[in-house]
Amino acid sequence: MSSASDVEIPLDVPKKAHDIYRKNFELITHGTGRLMLLAGDQRVEHLNDDFYGEGIHEDDADPEHLFRIAQQGRIGVYATQLGLIARYGRQYPDIPYLVKLNSKTNLVKTAQQDPMSNQWFTIDQIVRFREQSGLKIAAVGYTIYLGSEFEAEMLHQAAQVVIEAHQHGLLTVLWIYPRGNAVKEEKDPHLIAGAAAVAATLGSDFVKVNAPKKDGVSSADMLKEATTTAGKTKVVCAGGSSMDVPAFLKQLHEQIHIGGTSGNATGRNIHQKSLEEAVRMCNAISAITMDDASAEEAIRIYEGS
Amino acid sequence: MSSASDVEIPLDVPKKAHDIYRKNFELITHGTGRLMLLAGDQRVEHLNDDFYGEGIHEDDADPEHLFRIAQQGRIGVYATQLGLIARYGRQYPDIPYLVKLNSKTNLVKTAQQDPMSNQWFTIDQIVRFREQSGLKIAAVGYTIYLGSEFEAEMLHQAAQVVIEAHQHGLLTVLWIYPRGNAVKEEKDPHLIAGAAAVAATLGSDFVKVNAPKKDGVSSADMLKEATTTAGKTKVVCAGGSSMDVPAFLKQLHEQIHIGGTSGNATGRNIHQKSLEEAVRMCNAISAITMDDASAEEAIRIYEGS
Amino acid sequence: MSSASDVEIPLDVPKKAHDIYRKNFELITHGTGRLMLLAGDQRVEHLNDDFYGEGIHEDDADPEHLFRIAQQGRIGVYATQLGLIARYGRQYPDIPYLVKLNSKTNLVKTAQQDPMSNQWFTIDQIVRFREQSGLKIAAVGYTIYLGSEFEAEMLHQAAQVVIEAHQHGLLTVLWIYPRGNAVKEEKDPHLIAGAAAVAATLGSDFVKVNAPKKDGVSSADMLKEATTTAGKTKVVCAGGSSMDVPAFLKQLHEQIHIGGTSGNATGRNIHQKSLEEAVRMCNAISAITMDDASAEEAIRIYEGS
Amino acid sequence: MSSASDVEIPLDVPKKAHDIYRKNFELITHGTGRLMLLAGDQRVEHLNDDFYGEGIHEDDADPEHLFRIAQQGRIGVYATQLGLIARYGRQYPDIPYLVKLNSKTNLVKTAQQDPMSNQWFTIDQIVRFREQSGLKIAAVGYTIYLGSEFEAEMLHQAAQVVIEAHQHGLLTVLWIYPRGNAVKEEKDPHLIAGAAAVAATLGSDFVKVNAPKKDGVSSADMLKEATTTAGKTKVVCAGGSSMDVPAFLKQLHEQIHIGGTSGNATGRNIHQKSLEEAVRMCNAISAITMDDASAEEAIRIYEGS
Amino acid sequence: MSSASDVEIPLDVPKKAHDIYRKNFELITHGTGRLMLLAGDQRVEHLNDDFYGEGIHEDDADPEHLFRIAQQGRIGVYATQLGLIARYGRQYPDIPYLVKLNSKTNLVKTAQQDPMSNQWFTIDQIVRFREQSGLKIAAVGYTIYLGSEFEAEMLHQAAQVVIEAHQHGLLTVLWIYPRGNAVKEEKDPHLIAGAAAVAATLGSDFVKVNAPKKDGVSSADMLKEATTTAGKTKVVCAGGSSMDVPAFLKQLHEQIHIGGTSGNATGRNIHQKSLEEAVRMCNAISAITMDDASAEEAIRIYEGS
């Protein structure tokens, strides 16, 4: 892990924004260079599927659940849409926020039309919101579907998001998922590496990719190609759908220590639990991500022992 | 019901616009936090179908009918297109208005092309109109067809509408309807909840959804998922096509007291009646919505007894 | 007929533009509230079909023909494209002009692609032209094809045209024609009423619609639904293709006195005649429209007796 | 032929630009009101087909060839893309230039997709270039494919080009070609007249059309309909593909004296010859166009006798 | 080879930018007028295919590899995306950079959709970056796929890139590749000449084309048509996929001395080697390009002897 003084400021951040960029970087990585991102943008992406139904704790039905987790748990940054931040931010002013700038629903399937996720706000509007609200708006996020027939538009929007966010000292996280009729294996390790490479060319601080999988097998080792080609852009893995906690934490540990990732972006594996359990889960994840805890130590944290 | 002092101002409303936002909120909810919205935007959506023909009172043929109702009846806000407000507003200066910002006709069916409803005016133009006209322009409305192939454009426009309306203290109501070739059951309760969730992520003050229905049955109970996931965004149900008045009022009472909605958005069930009957209908609806009247009390109001 | 002092200024006309709006209204309605619009925008819409060929007087081959008619005949406003006005306006400075803002050719048929007529100029450019030329630019016009797959774009452009024209005291006339693969009967009375209703929601001063026709029969009576639902937006009927003069004038009289229209928009029935005959035709039409002459009186005027 | 003092300045040219407009008009028509346009924009339109191959003089392989011709020959204006003017203008400062604003290649055929030629530069950029370069940028050109599915976009761009060019005293030439899957006979005389009519509605100073042809026969007589309906917009005929010189010159003479055109726009019939021959060809064409020479006199000029 | 004083400044470079344009030209051509361009933009174009796998040295897996080569080898300019320059530029401030402005992945094949490569940044953003970073941003690059159904949009963007880059003294390189369903033989010599011709009309300083090939045979002779029609726009050949070094160097020598090109744009033939070998390869290429070395001399340089 890098220490806080290690923050390397990219050259598209102007001098006048250096301090705020450095502060944001230290804030969301707790001075470790690693990122624990609490992903809470699914109310558009999956509509209400992730928040209500079998196997989902009833706490999750209310959007405030995620704010409670973000406040009580140990996290790096809480990613969600601006509308929710505007409604709940007054009660949760201490949370470091990432504003997810684009979102789409899952209603139109790829077979019908390739995916396009459109930018909702400009960076200027986010900066204005940061000033007017006084909240800790530390970062912005944007999703690109590589291989979609709308890739050209999303690459353009993403490039604009990164360069303008940096002008104002905001950090950037790109969600990059290969998807579309042209994409046969979304989780192919070599393709995931390509996604990470694209993030590097776009100059993003972080890129969120899916954990690679080949012939049905996923292994942290497959991440090395991605984390190498990403260069100075840090790779974090998506948590994916809900799974067994010990397995999740072991996998995370390996992604970081074998795969070379710089953290994780976890949603359902946290927020589908009760508040109390979700908080422990955050703490377990953060122990691995930010304190170099072992998977076993993290499991104990999760178990509250 | 919340009292006027309970108005929670979202953080995308800047300090300089707090007073006007609060005043608008109290104006259209009569200080109750509940909304009785008189929906009169159908001259585009349904062309002249809702205003002329069998079962429709001849009063409804003239667009002034709705202004007369809005003035004489007890309502929260009257929603219609700017062009009509500009023509009739001088004679009806006391009505609180919501400017519906986008509209489409019903000529092109979903089987031919997915629905796209395009924004007609910018918020800056609405604010200029508010100033030049001196009218009580309290809110703006925008329709999103989730699941349409044009969803990306409408989500973008809606996000812009909400954030810029709030800059000027205008309230927002999003009409969100799942519709398009990808949508099989437009009124599925879980899907309606998803629509409400999207409104929350967009930070809207209110969202208008259709009453959910499953296996042909509609029940207020099915609304709970939506009103919960909508969080601080208040849900109002669309009135739908004309129906029996006592049944309508009972349903409304249940939507609020069982389903947890914060009001209603009613059009045809009001304006297809004669002026005198329509006014009584408004008063009946408002009694339930804003005075916590029982359905029976409301029916008596409607019956003029 | 209303008198000049009756002009009702809509609220999207700012105070500073009241005088010019009122003056424009009185100018093109001759203080009667009724409009005789000389339609001369077909050189794009129908290419040279309306100006050259069998049954068309050779005077019509030259674009100056319409300017001569507009100057020598009694008309309300002459509608044509800006390019022609810029070329001939110096010689015809007394004509009140309406700038038609969008146009398309008839080459691509609906079976191949739904119609889209694109805006050529912004209102700011028209206002600049009004100032630089010193001409009587009194109004602007825009065509919407309701039911086209491009309806969304045209509704947006039309809304912008009306609101910005009114900012500068310019009057607006919308040509609204249901057309596209989704439209089976373009002249259905109920559909024509829908078109008129849309014009009202857009706040236009006038709307030009086709005379309704059902089962092959056209009758002024069928216009009542449209003129009622249009409210304060005045309805004028398109003249359509060339027809027998007495029949034309009788039909016009009925449209006004039975159908409730506020005038007419006539092209081919005027300009396909020789200059001298066209001038008499203008005078006949204006007698009905603006002087409440009977059809018989108008026929005598046309006949020069 | 009109004399220089006859220049009629259209009303969309503001007073402050009158002098420059008049000067430009006199410059490119040599005070005759007739235009000899040297067309050299084909390096995009036909790629290298017109400049290299059988029957084409090797001089034509180098883009400087056309600049040499324009300098040494007698021409009205040389039309080409801005990039070439920027590269060669320093050595050829005396040539009057027309900047062709849009261009497309011939790779995608109409059967695959209707033609769309997109604007490369704004008028503001051309005016800036005129000022920075000090060159005689006298006019701009734009191509419209009437009947293309992209007609709406091109009509919009063309309208903008004309109105803004006139603001700065630049002359305009519209190339108008009916083309697209909807167009069966591109050179039908009535359709060509329609193209000329559209140019008039757009207010262009000149319009370049193809010589009309019917049942395989082309005759200058067929141009009369076009030159009449174009009104004050002057019609020039495209030279077309290479042909026998005496025939070409006779045809040109007839186009002007029978068809009523105001000149010609010739490319391949000039530049595919050697420099020396091309210069003589320019002089021959200009003699007919600008000096009212007979075809025979022009042929002698071409033959150098 | 031209000497430094020969730099011909095109007329779209304003006087105030002459010095910087001249400096940039001398910088990237080392005062020779010839360009050795190190192409390192493939992390988007080919995702990670060019950087990881069989036959690729492991040094290439890290994006810093190319920066190391650019610093230690003798090159003219290093072309890559802005994001990477922003991350590594601080450590590599002496490299002359070309910012590649558009990029697309190779996921969607032409059979599915014609290629569209969208502009990521405006020239104003590049100029701001040049100022804020203090780096030697000497040029910008843009790819056009001629014959794509999106050609119109790319021609527009390219034209804007060139004219605005020149305003600020930035040099331009256009990558022009015929590609799309309409293009049967991408490397046909006549078509490649057409691509070079288009670059000339756009006023680019350099154009990168693929080496032409006919009936499976490639020969430097085939380039003459392209280098002639390109006029003052200098042609550089793409290096293409990895090949035998001596053959590569001989081919390059012939392209320059027989084909008339002004350099090369080489990527994979350099960066897929180890750092040390890649540096020697750069030096060998630069010897031919900038020092007029023979192929044999260059081979000796490559071999380190």
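Annotations
Letters are used for the chains, namely A, B, C, D and E, taken in the order the chains are written, and counting of residues starts over at 1 for each.
Here is the rule we use: contacts are C-beta pairs under 8 Å (C-beta built on N, C-alpha and C of every residue); 3 or more make two chains touch, one makes a residue touch a chain.
Computed from a predicted model, the values in this text were never measured in an experiment.
Annotation of chain A and chain C: jointly contacted by B, touch as defined at the top. Common neighbours of chain A and chain B under the contact rule above are absent.
Think of each touching pair as a link: the shortest run of links from chain B to chain E has 2 of them. Centroids built from CA atoms put chain D at 57 Å from chain B.
Chain A and chain E have Cα centroids separated by 35 Å.
Within chain D, not a single residue touches two or more of the remaining chains.
Chain contacts here close into one cycle, and each chain has exactly two touching partners.
Following the touch contacts around the ring from chain A toward chain E yields the chain order A, E, D, C, B.
In the complex of the two chains, the chain E residues touching chain D come out as 8, 10-12, 14-15, 146-149, 151-153, 155-156, 159-160, 162-163, 166, 178, 180-183, 190-191, 193-204, 225, 228-233.
Chain A meets chain B in the complex at residues 41, 43-44, 47-49, 51-53, 61-64, 80-90, 103-105, 107-109, 112-113, 116-121, 125, 129, 132-133, 135.
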